[in-house]
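Next come two complexes built around chain A: one with chain B, the other with chain C.
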Partner chain A sequence: MENKNVINIKNLVKQFPVGGNYFTALQNIDLKLSEGEFIGLVGPSGSGKTTLLNIIGGLDSATEGSVIVLGNSMDNTSHNERAIIRRKHMGFIFQSYNLLPVYTVYENVELPLILNNMKSTEREKKVTQAVEWVGLKDKINSKPADMSGGECQRTAIARAIVHEPALLLADEPTANLDAKNSHNIMKILSKLNSEISTSFVFATHDEKIMGYLRRIVHLEDGKIINDEKTSNPKSA
Partner chain B sequence: MLFNIAIKNLFGAKLRTSLNVFVTSISFFLVIFVSGMYDGMREYAKNITIETEVAGGTYWHPEYDPMDPRTFENSHSIIPNQIKKLIDQKYAFGVLISQASIYPNGRIMPVVMKGITPDQTIVNMPTNVLDQHNDITIPVLIGSGMAKNANLKVGDSFTIRWLDADRTYDADEGTIVHIMETENFKLDLGHIWIPLSKAQSMLAMKNQATYVTYAKDLETIKDIEDWIHHDVDYMIRDMEAIIKADEPGAQVMYSILIALAAMGIFNAQVLSIFRRGKEIGTLMALGMTRSRVVWLFTFEGGLNALLAGIITLILFGPVLFYFGENGIPLPMDYSEMGMLVAKRLIPIYSFSLIISTTILISIIVLVVSYIPSRKITKMKPTDALRGRAAV
Partner chain C sequence: MIKFLAKGLIRDRSRSLFPLLAIIITVTLVIFGIGFMEGAMNNFLQSTAVISSGHVKVVTKAYEKESNQLPNDLALFETDKIIRTLYNMYPNYFWSPRITFGGLLDVPNKNGETKEQAPVFGIGIDFFSEKSRQVEIWELEKYLISGHLLKNRDDALISSKLAEQLNVNIGSAITLISSTMDNAFTTYNFNVVGIFNLNKGQADRQMILVDISGARQALDMEDAASEIFGYHNSLYYDDEDAVRIRSDFNLTYSDSIAQMLRNEESYNALSYMAGWNKISNAEKRKLPKQRTDALSDNQMYDNIDEWEDLSVEDPAIFTPKMIALRDSSQLASMVDFSNVAMSVMAAIFLVIVMVVLWNMGLMNGLRRYGEFGLRLAIGESKGQVYRSMIIEAVLIGFVGTLLGTLLGVSLTYYVQEFGIDYSEAINQMSSEMVLPNVFYAKVTSELYYIGFIPGVLATVLGTMLAGLAIYKREMSQLFKELEA
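Showing the complex of A and B:
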């Protein structure tokens, strides 16, 4: 069975205005991602991996080229349309968790479902399941300020997967975590990838998590310099 | 959906919400309180005139002009029958006015001598004290301002000289029987009050009066011969004109208060929204559209204003009520300056003041919630996520 393309990027160029000139953050990027892949955009700081991730997620737009995500051409969609695509089909994990500080774990995880107008009984079921997946059942009524970095990131993962998105984008998800927590997070994500059909894209330069990735796209100075499948990735 | 999230945001962020709500409710309180005091001050002059002087209205002798003392000599006659009936039924009382001179402590002072029915209860004056001193030749009631100016106290006697109806000067001894505390300087400064019957006898004007004041809520009498009827509106027309002339000033003051309140609310609200730039970015990343984010924050602002209204009612309602009942004592007596300003300033919180203030402050809160959130949502979500929102 042939997997369908989740991401299809052709000749992507991204430039930022700096002073009177333009800084080229990404150039001539061609990238395809199939359903269920577990891929890492890897490279040093400033290589363009976060920019590429943001463009895939519709948080930023390309200067040139074509970006098709989940069958939607991101070049021709409005802000609102991109917001709807993110709401329905994407999940985000950020380096600094970006949890809403006044919400509990339950409320943070529930948020994407509220945005998708899901009924409260169904929401409760899905939130409980997502929180159980990440092993935070006993912290369900805690607020981010009362939790460790690892627990916060697990909450962010639960929030990202609760609506079972087709694509999950994670920007340096382990950068603020110690080795033990980093491995835990990657094990959870790897397990989720094997259990649900969600495709995962990581932007990272964390050596600890490289071993979990099934495909690594190396970026340097805004260009893809290598795209390889790993031979024996770690799993949960 | 927005309602649920807004409620969670509002009650989840206890400190932030408390601060915003408190600042807004302080603004509510100050605008209502200060405007209420100003309205109270303006209304006071009108009310005190009605309570102490005008009651339901007056019937004047046709020659009487209170602004021209030269008319006093001729402005008296027998009270018309229909008006007299009112007096007999205790629904009205007569006042007979004459110019006179008094000689306290060897000095001469021109005064307006007014004879008044001692047992009247229609206006708020302690005239009954004039009826309790049969042993005194001319019992005299004066105000505290007059007492201070003439250096008189209860029990002091002085010579009173007047011109009677036969154009003969006469004189006799008057004795202060009471010094009244009145906030209507028109009853006080330059006035002496004596019993009406005594005044009629002294002036040889038996059964005569200059004007008659009648009780509130009485029908107007038509058959009043050549006397002239003046209702309350006429009697307080000068004050109404002053109040009307002062309206632009009152509006300017109200605008300044609202502007001050707006600045306080703006500071608290804008600061709190711009501090939430990262939260706005996160909501956008999770798929909330820009317009929904703006509406969420504006809605939160609306709930904020609603909470502030409730807090104002709970926290400051008793304070407003207390001052509305008891007033605020003023440090000096303005009546000596010829101003009808109460010794205790009692604020008046009109329905229109409360409603207009509530609406205006709510609009301010909504606007200062809408504008910054709209500005943040116009940023790139990536910048908002990094918390790069700037005022």
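Showing the complex of A and C:
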């Protein structure tokens, strides 16, 4: 694997205004991520996993420190520039599947491609491929309300990877799923990771996920307390 | 992207159908409500206008001064000519001569001796000419208890109260005892062909209605009339317009003739009146200026109080003068009250529905924070999301308002044409109340646009406010709304 930095965070501090004061959610965070990595931000509830993920994704901004994602310094970019970076190079998966309920699987997965102004013939190819990856070919015209939680989350995965992003951010992707579905999802994701050059960052405290991760960054009270490569990760 | 959003809009009923219905319903309500209030107010004025004031009326200056005595010796002459002039000057109005007279009504027995007698208040109305539209505006068919409308010159309709008092029936002969225009004693026989009840309390207690031809015959008033009533063709009393034509008429027509009569030989003035029809409009426009210049050093007729000094010999007192409905003092306050009441009610109404629709816009926006957060995460810019949201609100607001306006105006129009009959409810309330039995609505021009204030403006403003959160909050916050 190359050593190109997908994420380079130095001295990150994140504070939220609470009442008249500040609550420090993240402090002294240094984190580097190379292309193709498959890492987990792990820690108890309130340790700052989601906050860190949001800052990496440009959904939130750092209070101090430098955050460089895919070669872009996130604090020096405008909202619109960050939107373009997300649209082209990032994918998101959330705990609740966050599908748009009025659209079919196909249409939900298609949205990022529409935003990237892709032609409809090309879109069709990509969407079909992504939906096949996650094994939902026969559900392609279903709506979220008619599908199980696992199927919804697989749709969300298809949407997150359909434009082959350089970086995929997943916040507790298995929290709402049972064990079987959780393993299924993790298998799909680690298989994708080995097939395409996308880097993956998970935020999780789900034990079931841990075994799949190749690197685990432990957070506690907004600080990184441990950063280790796992010895023998499961794979697809 | 537009196609994508349109799909969502159509499929998500809570985004399209329900707001649309809410807007249609509110806009319809606003329009019908305002139209109905306008109609009710107008109806109230209209019954006065029909019986006693017209939207405007033309009388001689002297008649106006003494009008409560029904002074037919001060009546208008050459009414056909004046009416022709009026049609020429104000084609938006229709004009009808009226003779109002007092007297005694005598009911003879078989031997021709007085059986019953009572004071009478008579109105001679131009029922027989189409152009006058008097059959239409009096709506007598509705108020006729028995008998039929006037067919011949000497037919008369009598109010049920008076008929009861005098004990007359259909087919009875009644004798009017009154005085002619030249103050000579006169008697005249009418045949009762119908009995009416105007349902306006005591207003018709002593009333008989005859055709103006009969009244002219009875009172020796050939081509004369107490008053010439004018009504806007739409039958809607437009206060501003009535005041405008009253001022215009008095300045350009009445005053200039008065001035001529005073300055020159009266036949000059009369020929001027007669020739008015032959003068082109352009010339008419020029005239007032000259006349007003001439009048500027003689303000006598501008101030009615100075009338006292006027000698009765002054021929100018017989010049026609126009009076608007609002010029009689009680009616002025009623018109003002109704205008103010209308505006206040309309404003309150509008504010209420604006709050409702504003809220709806707001709630619809709030509900979708999760969706917005997601779209932002996928890579739409804040501007794109905000714009799509506003465009959607404008679209829904516009379509809803359009449909609501259509529905509201149709409904108002229906009620304008056919009315809502409240007569049973009113009869139960009180028989003495001076209230119309049928409420009519009125389609006024503002009904066509007023719905857009709540329908589009409020909806869009509410949405805009909700959408501001997209800019104000951190995007990560928007998700929380959905995660929760």
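Methods note: the second predicted complex is superposed on the first by the 234 of 236 C-alpha atoms of A that agree within 3 Å, B and C clash if a C-alpha of one lies under 4 Å from a C-alpha of the other, contacts with A are read in each partner's own complex, and residues count from 1 in each chain.
Keep this in mind: a contact is a pair of C-beta atoms (placed from the backbone, for glycine too) under 8 Å apart; a residue touches a chain by one contact, two chains touch by 3 or more.
On a predicted model such as this, the values are computed, not experimentally measured, just so you know.
After the overlay on chain A, what do you see for chain B versus chain C, clash or fit?
Partners clash after overlay.
Between chain B and chain C, whom does A:L59 touch in the aligned arrangement: first, second, both, or neither?
Touch status of A:L59: both partners.
For A:F94, using the defined touch cut-off, is the partner it touches chain B, chain C, both, or neither? Pick first, second, both or neither.
Both partners, chain B and chain C.
Looking at A:N80 after the superposition, I want to know if it touches chain B, chain C, both of them or none. Which is it: first, second, both, neither?
After superposing on A, A:N80 lies in contact with both chain B and chain C.
State whether A:N21 touches chain B only (first), chain C only (second), both chains, or neither.
Touch partners of A:N21: none, neither chain B nor chain C.
Based on the superposed arrangement, let me know which partner A:Y103 touches: chain B (first), chain C (second), both, or neither?
In the superposed model, A:Y103 contacts both chain B and chain C.
Quick one: is A:N232 in contact with chain B, with chain C, with both, or with neither? Answer first, second, both or neither.
A:N232 sits against neither chain B nor chain C.
Just one of 63-71, 189-197, 261-269 or 279-287 in chain C hits chain B in the overlay; which is it?
None of the options clash except 189-197.
By the touch definition above, which chain A residues appear in both interfaces, chain B in one complex and chain C in the other?
Residues 54, 57, 59-60, 79-80, 83-88, 90, 92, 94, 98, 100-103, 107, 111-112, 114-116, 159 of chain A touch both chain B and chain C.
What does chain C use to touch chain A in their complex?
So the residues of chain C touching chain A come out as 1, 4, 7-8, 11-12, 370-371, 374-384, 474-476, 479, 482-483.
Looking at the complex, which residues from chain A come into contact with chain C?
Going by the criterion above, the answer is residues 50-51, 54, 57, 59-61, 79-80, 83-88, 90, 92, 94-96, 98, 100-103, 107, 110-112, 114-116, 159.
Across the complex, what residues on chain A touch chain B?
Residues 54, 57, 59-60, 79-80, 83-88, 90, 92, 94, 98, 100-103, 107, 111-112, 114-117, 159.
Considering only the defined contacts, which chain B positions touch chain A in the complex?
Residues in contact with chain A: 1, 4-5, 8-9, 12-13, 278-279, 281-282, 284-291, 380-382, 385.
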